[in-house]
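I've put the structures underneath this note.
Heads up, the next two complexes both have chain A, just with different partners, chain B and then chain C.
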Partner chain A sequence: MDALTLELLNGASLFAILAIVALGLGIVFGLMGVINLAHGEFVMLGAYVAYVVHTVGLNHWLSVPLAAVVLFVLGVVIEVGLIRRIHRQPELTILATFGLSVCLRQVAELVFSKDFRSVPNPVPGATEAFGVLFPTYRYLLIAIAAVVVAATLLAFTRSRFGLVVRAIVADRDLAESAGIRTGMTNLCAFGVGAATAGIAGALVAPLGAVEPQAGLAYLPGAFLVVIVGGYNRLWGVAAGALTVAAVQTGVIHFYDAVWAQIASLALAVLVLQFRRPTPAGAVA
Partner chain B sequence: MRLEATDLRSGYGTVPVLHGVSLTVSSGEIVALVGRNGAGKTTLVKTVLGVLRSTGGALHLDGVDITRMPPSRRVRAGLRATFQERALFGALTVSDNLRLSGFGSESHDRVLDAFGPALSGRGSQRTGTLSGGEQKMLAAAIALATDASLLVMDEPTEGLQPSNVALLGDHIESARDAGRGVLLIEQHLELAKRLADRFIVLEKGEVVDSGPAADPDLAARVARRLLI
Partner chain C sequence: MRTPSDSRSRSRLWFVAAFVALLALIAAACGDDEEATPAAPSDTAATDTGAAEPSDSEEAPEPETTEAPDEPEPDEPETTEASEPETTEAPDEPEPQEPAEPSGEPVRIGILFSNSGPAGLFGPPTSNIAEFIEEDINAAGGINGRPVETYLADDATDPAVGRQAMEQLIDSDNVDVVLGTHSSATRQAAKPLAEDADVLYIYAALYEGGECSSVMFNTGEVPSQQLAPVIPWMMEQTGGQTWFLLGNDYVWPRRSFELARQYIEAAGGEVVGEEYVPLGTQDFSSVAQIIAGSGADLIFPALVGGDAIAFETQAVDFGIGQDAIPRLANIYEENVLGAMGPAVTAGMRVTLGYFKEVDSALNNEFVSRYFERFGADAPPHMTFSSHIYDAALLYAAAANAAGTTDTAAVAAAMEGLSLTTPTGDIAITGSRHLSQPIYVAEIQADGSQLIVQSFSSVEPDETCDPA
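Up next is the complex of A and B:
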């Protein structure tokens, strides 16, 4: 029973990380139809924000909003300088964001070197709950991810901004004809997508090494989540993260991590086989 | 406010549709643009609003060059269009469509009641589940209720029952009387004759005839062109 509880908590922790990393990817893909291959690098930069906050002696929790702000600004700059010009051409956005990901890794290497950096766990130790000991920081991670995902979903479904986003996704020309500034909405969406990646990076920084290649580890998982959950509904990101986390945790429990990855990929292929075709770019 | 198209050209890909259309629409007048299917009327509407990029010529709104402006800026400059198709967001509710056009919830009933009971109290209904005629009425009601100075309406009466055609005509006349300019694309010739101050006839992407609606010869020529 304890082993099962521990697996469930591990699954919840994995779900939290996957959901928060994939959220920004889902926003940018869902709204703009942009497949952002530099999303993992946004996560990596968020982790470096946490590292810088640690090295200057500030509280780790400050790095979460700071990473959001830094990455939002970076996202806005990238949208204006690059994405805006090509976002209606999917093949160009793939190439451009791939190039961007390489550039961002190189910049990180120039500034911070290739060395692995670490951010100390701000809440060391474990908490006993449900009859098992589980790292306290991971409990917090689950809670924070739940709040960030829920707040983002609410913002995109209940606010005027969310309504505008749904209108643009449904029919960009008609939205423009209703006086909606679609360019400004794209700008905000890309900025918010980058900001959520930054938050994810700052949150996962204490869990592993902070290094220029760190983002590469998160991108495949995030894409799996978006594929499984569906890019036509933002809440699908949460559902996709839950499904992928459940499959991975279950397979790891019975087999190992390699089979867990294979099972996740197989799940994605199966979902793609059975999903009805929908137009690219659709957050509902 | 005055909309002025000068030698306006546009098309789809490499296929030109408008071959240099020049026209004006001023405040306080209804200009009926008529022409047979394929004449380029809808292409003209899309080009005027900016959904379709012009390939030549110029568009001015009150002397300001709007030729390269995105549609949202043209709307904010006082231009508003209803499209023949895809005029509303079908997946959203009626209220959501009103909110997107800038109407606060306190004004929803006023807009929906403009066409009698047909749309009253249907704010929470998904727009795509309204009948074609009801969607046309809603699109027209929204456009007419905005504060746009210049309206471009692409076949707003298509699919409407006769009583609602007359009612819509009354609303368009009221808009004109309130000092707004209307470019009305209309196949319903009787309504166009009733409302229009001027006629413009479009054929194969070119203006082939125009003049005051009161001119009986022009009315006869228009009727002949549309029938042949």
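Up next is the complex of A and C:
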């Protein structure tokens, strides 16, 4: 019973991490049709924001909103300087964001060096609940990630902004003719996508290494979630994260971590086999 | 935005290309500035692995420069050696009579190393040590009276790039020998080129063992050396009997664990769990639960880089930190330990062939010279850079003994060769590996490494007969 509770909590924390990391990728891909290979680097930069906040002696939790602001600004700059000019050509966005990811890694290396950095856990230790001890930080991580993911998804689906977004996704030219400023919406979508990646980076920073290459490890997981969940519905990010987390945790529990990775990749292949093909950017 | 016309989309393409190129240029320019500060300007042909690079911006700022040995160091005004480095800087040649200054066509020493990508972290100490290799071998009279020059090539932690870098060293730089510190995957990709060109290739990184080739020597630690003496010692020290083996899923951890199992069982212990995680694993919550449930007394983690940091920082909160279950690690080095922080690492034991804390007159002098030259916060000299330095000295000694740089003659002179270096007493074995000291360091409360045990002249359990 205790073992099951622990695995459920492990699964929940993995779900939270996957969902918050994949959220921005899902937004940018789903709404703009842009395949952002620099998404992992946005997460990495968010982690460096947490590292800087730690080195100047401020509270770790401050880094969460700060990373969101810093990455939002960076996202806006990149959208205006790069993405805006090419977002209708997916193959160009792949090349451009790949180049961007290399540049961002290199800049991080020049500013912070190649050394591994770390951010200490602001709430070390474990909390006893449901009859088991589970790390306190992970409870908070689950809560914050859930709030951020839910708020973002609600904003994109239930608000007036969400209505505009869906209009653009349904037919960009028609939306433009109807007077909707699609450029501004793209700007917001890319900025918000980057901001959520920044939040993800700040949240995962105390759980591992902060280094220029850190983003590379997050990108495949984020893509897996988007593929499994489907990019034609934003809620798919949550569904995808839940499925991948369940498969990962279950397979590690019964077999091992190597098979868990194989199982998640196989899951993506299976999902793609049985999904009706929809063009990128076709959000319902 | 309207439907893009042909010309507009072309102009956008150009804009993107220009934007990326600009960013790359900025990165490269910054990199040059930064790398130029500690090192004197290069005056020999640098190994410009332009063709070998996956992307120009990543490689551009690499310090692939080699330096003349008599270059004064403008950054170090207080060192007395600065004015006449070539006469006073050889730590193992303290006698006053000066060897004849080397002259003639230089002997070219190629160094294939990882200076970018995941293992790029280990690059800077190696490129620093390349300066000492030139200085020290030249100060001792060079090789057969000829000066040595070093040529660095980066494999970007990628076997395909490593193969191209090896090609560059052999075909363009015409090196006489290649010293390597990089992954086994790069070694496998680059070895055939050295064999075809009949260039001596000394692989100096710690690795899983089993390499055997007529042009190769392998001077890094192999698992039998790191583990055979240390596992029984660890069990005696801690009283622990049961072990959990946790490694990344590739050949080196698997081979290490295969041997560890034998040594543990021979010492009367038991392996109660063996788990592998993919490289790049970020979340260890489920693995932590498996370890907690195993009842192990000791953990042997063979995890690399960020995976090690993620596991150890998360393990503390799951109640399986070093305090609860002591660690014996075989790769945790200073960068990784530093990032974990002393609160996590204090008490861990690490088994390696070199730590900068090795207490010998030769090593103390070498390490203080290193930090004087490259700054107190320089990337620390460690087992990889130390083994590259030793490999260069072994090559120089063998080539001097052979009186030539001919590969077969030097290889013959290598066998049985023994030296005393900052690492300790080392000797090439009949299996073309290295008999070397093994040290166990215990991490202190302030994060420093204290050598608590050393084993001298540990023989590798390897066989090799390339003929």
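By our rule, the second predicted complex is superposed on the first by the 282 of 284 C-alpha atoms of A that agree within 3 Å, B and C clash if a C-alpha of one lies under 4 Å from a C-alpha of the other, contacts with A are read in each partner's own complex, and residues count from 1 in each chain.
Convention: contacts are C-beta pairs under 8 Å (C-beta built on N, C-alpha and C of every residue); 3 or more make two chains touch, one makes a residue touch a chain.
Remember, predicted model here, so these are calculated numbers, not experimental data.
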Practice task
After lining both complexes up on chain A, report clash or fit for chain B versus chain C.
Solution key: fit
Completion exercise
Winner on chain A touched-residue count between chain B and chain C: chain C
Exercise for the section: Please work out whether A:G183 is in contact with chain B alone, chain C alone, both, or neither, and reply first, second, both or neither. Expected result: both
Completion exercise
In degrees, rounded to a multiple of 10, the angle chain B-chain A-chain C between CA centres equals 140
Practice task
Based on the superposed arrangement, let me know which partner A:R160 touches: chain B (first), chain C (second), both, or neither?
Solution key: first
Exercise for the section: Return first, second, both or neither, reflecting whether A:V102 touches chain B, chain C, both chains, or no partner chain. Expected result: second
Exercise for the section: Would you check which partner chain A:E7 touches, where first means chain B only, second means chain C only, and both and neither mean what they say? Expected result: second
Exercise for the section: Determine, under the contact definition given at the top, whether A:T249 touches first (chain B), second (chain C), both, or neither. Expected result: second
Problem - Superposition-derived minimum Cα distance between chain C and chain B (Å) - result: 5
Completion exercise
Where chain B and chain C land on the same part of chain A: residues 173, 176, 182-183
Fill in the blank from the handout: So, in the complex, the side of chain C touching chain A is made of residues 1, 3-4, 9, 12-13, 15-16, 19-20, 23-24, 27, 30-31, 34, 55, 57-58, 61, 117-118, 120-121, 123-124, 249, 275-278, 280-283, 285-287, 289-290, 293, 305-306, 309-310, 313-314, 316-319, 335-336, 338-341, 343, 379
Problem - chain C partner contacts - residues on chain A that touch it in the complex - result: 3, 6-7, 9-10, 13-14, 17, 81-82, 84-86, 88-89, 92, 95-96, 99-100, 102-103, 105-107, 110, 114-118, 120-121, 124-126, 133, 135-138, 173, 176, 182-183, 204, 206-211, 213-214, 216-218, 220-221, 248-249, 252-253, 256-258, 261
Handout entry: Residue numbers on chain A that touch chain B, as the complex places them
Key = 160, 163-164, 166-167, 170-171, 173-183, 284
Exercise for the section: Flag every residue of chain B that touches chain A in the complex, lowest number first. Expected result: 49-51, 70-72, 75-76, 81, 83, 86-92, 96, 99-102
